[in-house]
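In structure tokens below, several structures.
Okay, so chain A shows up in both of these, paired with chain B first and chain C after.
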Partner chain A sequence: MYKSGRVLAFIAVFLLLVSFPFLAAFGNAGSDPVYDLSVQTSDATKVKCVESTDYMKSSHMKLLQQWRDDVVRNGQNDFISSNGQAIPMSLDDTCLNCHTDKEAFCDSCHSYSGVTMDCWDCHGTNSPDAKK
Partner chain B sequence: MISRRDFLHTSLAIGCTGLGCVALSGCSTLSASIQTGQEKDNTAMSAGRFGLVVDVEKYKKSASFSLIASVCHKAHNIPRIPDDKQAIQWIREADYKACFSEAERQHVGIPSLDVKLPVMCNHCETPACVTVCPTQATFKRPDGIVEMDYHRCIGCRFCMAACPYDARSFNFVDPKPYIDQVTPNYPTRTDGVVEKCNFCVERLTQGLEPLCVEASGGSILFGDLDDPTSEVSQAIVSGTVLTRSEELGVEPGVKYLFREGHNND
Partner chain C sequence: MKIIAPLLIIAALAAIAYFGVEVLHLQLLFGVVFPYVCFAMFVIGFIYRIVLWGRSAVPFRIPTTSGQEKSLPWIKQNKLDNPSSKSGVFGRMLLEVLTFRSLFRNTKVEKRKDQISFGSAKWLWLGALAFHWSLLIVLIRHLGLFMDPIAPFVQMVQFGDGFLQIGMPVFFITDFVIVCALTYLFLRRVVVPKVKYISLPADYLAVMLLLAIVLSGILMRYGFKVDMVAVKQLALGLASFQPQVVDGIGSIFYVHLFLVSFLFAYFPLSKLMHAGGIFFSPTRNMANNNRAIRHINPWNYPVKVHSYEEYEDDFREKMKKAGIPVDRSE
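Our next item is the complex of A and B:
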């Protein structure tokens, strides 16, 4: 074969480059996101999220969007959770009241999952780190 | 209280029944049945159309604009930006003569008065800003309040061009560094969105009046313009009322009341 040595070397380098991301991440996949629930478990009212943990894990963004539209566009106040509790719909006053450290809780999981969200441009001014 | 899901199910059921009725008879039954499905919050203020009435003579005597503006700007996290061209204002002062034409001032019997009037978003009956907004970020609520949904605002500023009252401000820069101390229970804004007075909707849901009303020493009234027994409706008929740029036909919800001028007629 014409210049087979060089062709083979090139193929080897090429394969190495292409598979580099997979090799580099080998063994890291599947590790749990490092986020801190940071909820006061001593306070009996704060041990449960507004909905079941599974639901929150999968659908908190949909819930927040619903809250946003209900408050801003439909002029409503309270969210009725599936167990019948009335909860004021507010990102700052409700979610961040329990999940007080948004960087350790929301942001760390988001950066692990590669999620970007712009909510903190306007919300979350309650927390001490708001004034950077 | 019923859950959202139940509410939707009920509405759907009522809606379907309504549609059935429409097919058989006129369509009046539909709107009536939907009305009954609406849930009511007891504590929140509600109205057919919210409006403000500024009692001009009383305002001149007893109100302090700097107090009014400071409570409004503080509660809504409005930045204090030194460059006037980039300033954000939800409420400002305008000269009596700049607000009303010569003929209007003659009409209330007070051709000149040394007073600056508070001006803000008029929450018009036919708001031009709502018509031009390409994303429906600004919209009119059933209670007449023209509200901003900051989540949808793309910063095109059509609304600012359309507003005849100059009631809107654009965030040219990130406002946060210009806020002395952030009030936690109202979100801030970011650069690239338009903002304006919201008649304190976040307070109305708690049954509280707008802050400018609370801070006005009784010279600014707030209530339901559609209800003839409300304080604002009664005030309107107790004197002569002007609205800014009446001739445009947008029907402002902020009215200026002249009691004494009326008596002098």
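Our next item is the complex of A and C:
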């Protein structure tokens, strides 16, 4: 090989670059977000979830966006869920009413998967430390 | 036909991934096996071609001299376009890699009123620059998938990319730029007759494959949502060599991943290797010091010669008899 020193240095830099994801993930195998979907309310009879857990897990972002459009743009205030119950379209008055720990209920997965949103910049939540 | 064949290949790849995951439930194959195999092919193939290039001799000093060469002290040298030192070459290569100065010099020849005129043509440079830099930012954004917690610089890039704060999920500037740039690079090969004439199916395949990857990624982000937590678990598992099959990721993700895997495997076999090849361009990576330093062809080997002195030694007596003058009389 001609100028083998330089070629080998180039290969070393290349290997360093392509191994970056592996170095970044080193020791992170099977790291999962620590989230908590449990209900933290005193009155268990009042608990009624908006939709099934599976649906909420996969589609809450679509649902909340639809709520925003309905409330802000269309002036509707009630959401009729798939099993027929009328639910006020408000995150604070529904989900976060029972799942009071926003840190465990929302943020853990969002920060784990790098999903950032500016909703919380203005909107307060029921949790006392979120209102600053 | 030049366009249809690569289009069919990409459509087939996407269909294979979709069918394989949706119907046959081959999550393990498309989520773990193919990514590993294709990534290994990429790394090994890349190094193989680099070594192959490293082994080929460059017998001549052929730097492109695009400016005043180093000369007398009162003549100003163009150190970037005609470098005579290692640092000059470094600067030239750096700007070549980061800003594509060779493409910037692209000219267009036109016949105007029976005269040939050379005009500057910057669109290719602009399209290439927009594409490559967008790709870099997109790749950095994707690095977040392999980190827990996500490093601040990745978050900063993500924030900067979504700086316009349009829509929900927030619209990434690079998503738009990379689609525009790739569309331009593709249309250029379709619309401009001369470029179309010299384009090969492989040229279209590269551009269209990248476009397909970008579009599948955009669809995943803005259209069909995928379970990001599951995607990240899969990515972390792959990158820490403890792969796990994660359920519940949408099929569109596997289409995206399979196309990326194919791109990685195809990379060393294709002209995409210009990523490594640019560093091996003799016209750019050599210093123009031809007159200052003697360069010896690395191919040179000791040649057995028969000098005139030896010739005379062989035939001295005969030459004397024939009356031919000799240098030494014995």
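The criterion applied here is as follows: the second predicted complex is superposed on the first by the 108 of 132 C-alpha atoms of A that agree within 3 Å, B and C clash if a C-alpha of one lies under 4 Å from a C-alpha of the other, contacts with A are read in each partner's own complex, and residues count from 1 in each chain.
Operating definition for what follows: contacts are C-beta pairs under 8 Å (C-beta built on N, C-alpha and C of every residue); 3 or more make two chains touch, one makes a residue touch a chain.
Remember, it's a predicted structure, so these values are computed and weren't measured experimentally.
Chemist: Look at where chain B and chain C land on chain A after superposing the complexes, then choose clash or fit.
Modeler: Fit: chain B and chain C sit side by side once superposed on chain A.
Chemist: Quick check on the superposed pair: does A:S58 touch chain B, chain C, both, or neither? Answer first, second, both or neither.
Modeler: The answer is second: A:S58 touches chain C but not chain B.
Chemist: In the combined three-chain superposition, what is the angle centred on chain A between chain B and chain C, taking C-alpha centres, to the nearest 10 degrees?
Modeler: 110
Chemist: For A:V7, is the partner it touches chain B (first), chain C (second), both, or none of the two (neither)?
Modeler: second
Chemist: With both complexes overlaid on chain A, does A:V18 touch chain B (first), chain C (second), both or neither?
Modeler: In the superposition, A:V18 contacts chain C only.
Chemist: Using the touch definition from the top, say if A:R73 reaches chain B (first), chain C (second), both or neither.
Modeler: first
Chemist: Please state the minimum Cα-Cα separation between chain B and chain C in the superposed model, rounded to the nearest whole Å.
Modeler: 9
Chemist: Across the two complexes, what residues of chain A are contacted by chain B and by chain C?
Modeler: Comparing the two interfaces on chain A, one with chain B and one with chain C, the shared residues are 118.
Chemist: Can you list the residues on chain B that touch chain A in the complex?
Modeler: So the residues of chain B touching chain A come out as 1-4, 41, 44, 77, 139, 141-143, 147, 149-151, 176, 182, 184-185, 187-190, 201, 205.
Chemist: Please name which positions on chain A make contact with chain C in the complex.
Modeler: So the residues of chain A in touch with chain C come to 1-4, 7, 10-11, 14-15, 18, 20-22, 24-33, 57-59, 61-62, 65, 109, 111-118.
Chemist: Please name which positions on chain C make contact with chain A in the complex.
Modeler: Contact set of chain C toward chain A: 39, 42-43, 46-47, 50-51, 54-58, 143-151, 154-155, 158-159, 165, 168-170, 225, 227-229, 231-233, 235-237, 239-242, 244, 248, 276, 279, 298.
Chemist: Help me check something: in the complex, which residues belonging to chain A touch chain B?
Modeler: 68, 72-73, 75-80, 82, 84, 86, 90-93, 118, 121-123, 125-126, 130-131
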